[in-house]
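Handing you this structure, nothing more for now.
The first chain written gets the first letter, and so on, giving A, B, C and D; residue counts start at 1 in each chain.
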Amino acid sequence: MSRFVPKSRDFEARVRDSFARQGAMALIGARLERVEPGAVDIAVDFRPEVSQQHGFFHGGIVGTIADSAGGYAAFSLMPDDATVLTVEYKINLIAPADGERLIARGRVIKPGRTLTVAHVDVYVHRDGHDHNCATMLQTLMTMAGRADAPKQR
Amino acid sequence: MSRFVPKSRDFEARVRDSFARQGAMALIGARLERVEPGAVDIAVDFRPEVSQQHGFFHGGIVGTIADSAGGYAAFSLMPDDATVLTVEYKINLIAPADGERLIARGRVIKPGRTLTVAHVDVYVHRDGHDHNCATMLQTLMTMAGRADAPKQR
Amino acid sequence: MSRFVPKSRDFEARVRDSFARQGAMALIGARLERVEPGAVDIAVDFRPEVSQQHGFFHGGIVGTIADSAGGYAAFSLMPDDATVLTVEYKINLIAPADGERLIARGRVIKPGRTLTVAHVDVYVHRDGHDHNCATMLQTLMTMAGRADAPKQR
Amino acid sequence: MSRFVPKSRDFEARVRDSFARQGAMALIGARLERVEPGAVDIAVDFRPEVSQQHGFFHGGIVGTIADSAGGYAAFSLMPDDATVLTVEYKINLIAPADGERLIARGRVIKPGRTLTVAHVDVYVHRDGHDHNCATMLQTLMTMAGRADAPKQR
């Protein structure tokens, strides 16, 4: 399906392990769904704890799962001895995130040895349909020779 | 101190009330600190629930409080019958958010009737010092004639 | 072909007239190619006058035609009494703009009464192929009741 | 004045030589003004050739000199055997660029071995004052071991 060839045979396990170590993903109730080379989807269900003042999904939640979806899409193409870092992103919130479920679909546009560019679209599920509520353009960096593990204190 | 004159006499109460209605801010443990015309600071203390896989603050948390700090800085200058909407933002994560406390300082660069532009710097407190770990450029929209209140279902 | 219905019957003439009044487009040798509702392409041929220090197309030229392509894609959907303003854009230069011809393809993602969001991809033609060299995400504003004409001095 | 220490003793000559090789800067009539470690200013005078359809400076010209000012501010801190590449930038056009002269002031926020982040403010001179008309946040990359010279065909 994907047009990218992963450098790690264990790319899916590596993504799922890393995601499981992110306290913030558990806190907001995010789930890792699709994991393919260069393509990762992350979803979160609505509850009052992820809302803003009008009762929609908070923009920060939208940005958080989009950042993670694009970051893991990039990470899925990186070699075994590397980790990923978000350099920067820009997000447009194009419609209110008003619905039962959010899903961020991260896709690598351009993989690179040092920098990877990803595009992420976020959809909110309402009345049986997915509505595009945000779009992100993101730059990621490969941190070579650095395991994707917790820092040692 | 501030070079902006607020349109609402109750600007500070309006910001604090709106912030208190955001479930997502409570979930991540964010606190509203400084509220002045065009200038709002938001802080969050470190705990594992706001971490990424290396044990630093998650980039999504950094983005979330930065988005809120810039958004409320813009909202503090809006009239009583208006609410604020984030149009878009771009954030550069310039250093690891490794420390005990994050603080996002949102400042309006250019207020406008329809659009407001804000700049936000995020600092992480570590070893007694604040380190600049992220910088954001953000566009906000005034939604006139729309109270800053929950949607009616 | 396009999924958007233009508000002006003269949308194409309006885009072509406005483009013809831009001194900067003539200066860099840019040509307006495709003009459809919500979709505008702008091309420029290589010559030393549009280069940077390595002999590729200058990033500013890439950004300039991308900004215009997205802006005119938005303008093509606006009513007769309105003009367009670029609010902001973000561009990733994903490959060297090394080739004979640049083409920027501007596409509206989300039209709106006040704000429109566009996506622009820029391709450089080299060795018989178009290579994606830049990608832009852009926010445009409708200035209602303001003719798209020169200011009066 | 500057808080940065340049890695090259010839940083100013390197910036001026590179600028002089950019055909696009000559085409638009841009002048290199201030060159200090991490700080570069570029100016351009108004003439119809750099205008958009309303007779102001074209947004592409604003973006072009801002991109160059930030890029050269980053380059001024790089070692002798390196060149600079713009990874991406985001620009907000916060006021009409209506005036006699534009000046872009590029300042490094965070220099790095691989990536540098710069902030650029653009001012338009009108009626004896400089008005802030655009603000940019930009990511640059150091290309080590690659001279800042034309490509060999």
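Here is the rule we go by: contacts are C-beta pairs under 8 Å (C-beta built on N, C-alpha and C of every residue); 3 or more make two chains touch, one makes a residue touch a chain.
All figures in this text were calculated on a predicted structure; none of them were measured in a lab.
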| For the chain pairs A-B and B-D, which is connected through the larger number of C-beta pairs in contact? | A-B
| said: Among A-C, C-D or B-C, which pair gives essentially the same interface as A-D, with more than half of the residue-number contact pairs in common? | reply: B-C
| Quick one: which chain's Cα centre is the longest way from chain B's? | C
| query | Measuring from the mean C-alpha position of chain A to the mean C-alpha position of chain B, what distance in angstrom results? | reply | 22
| query | Quick one: chain B and chain D, Cα centre-to-centre, how many Å? | reply | 30
| Two or more partner chains touched - positions in chain A | 87-88, 90, 92, 139
| field | Contacting residues of chain C [partner chain A, same complex] | value | 90, 92, 94-95, 109-110, 117, 119, 132, 135, 137, 139
| message | Per the contact definition, I'd like the list of chain D residues that touch chain A in the complex. | response | 87-88, 90, 114-115, 137, 139, 141
| field | Complex contact set, residues of chain C against chain D | value | 18-19, 21-28, 47-56, 58-61, 63-65, 67-68, 71, 83, 85-93, 98, 148-151, 153
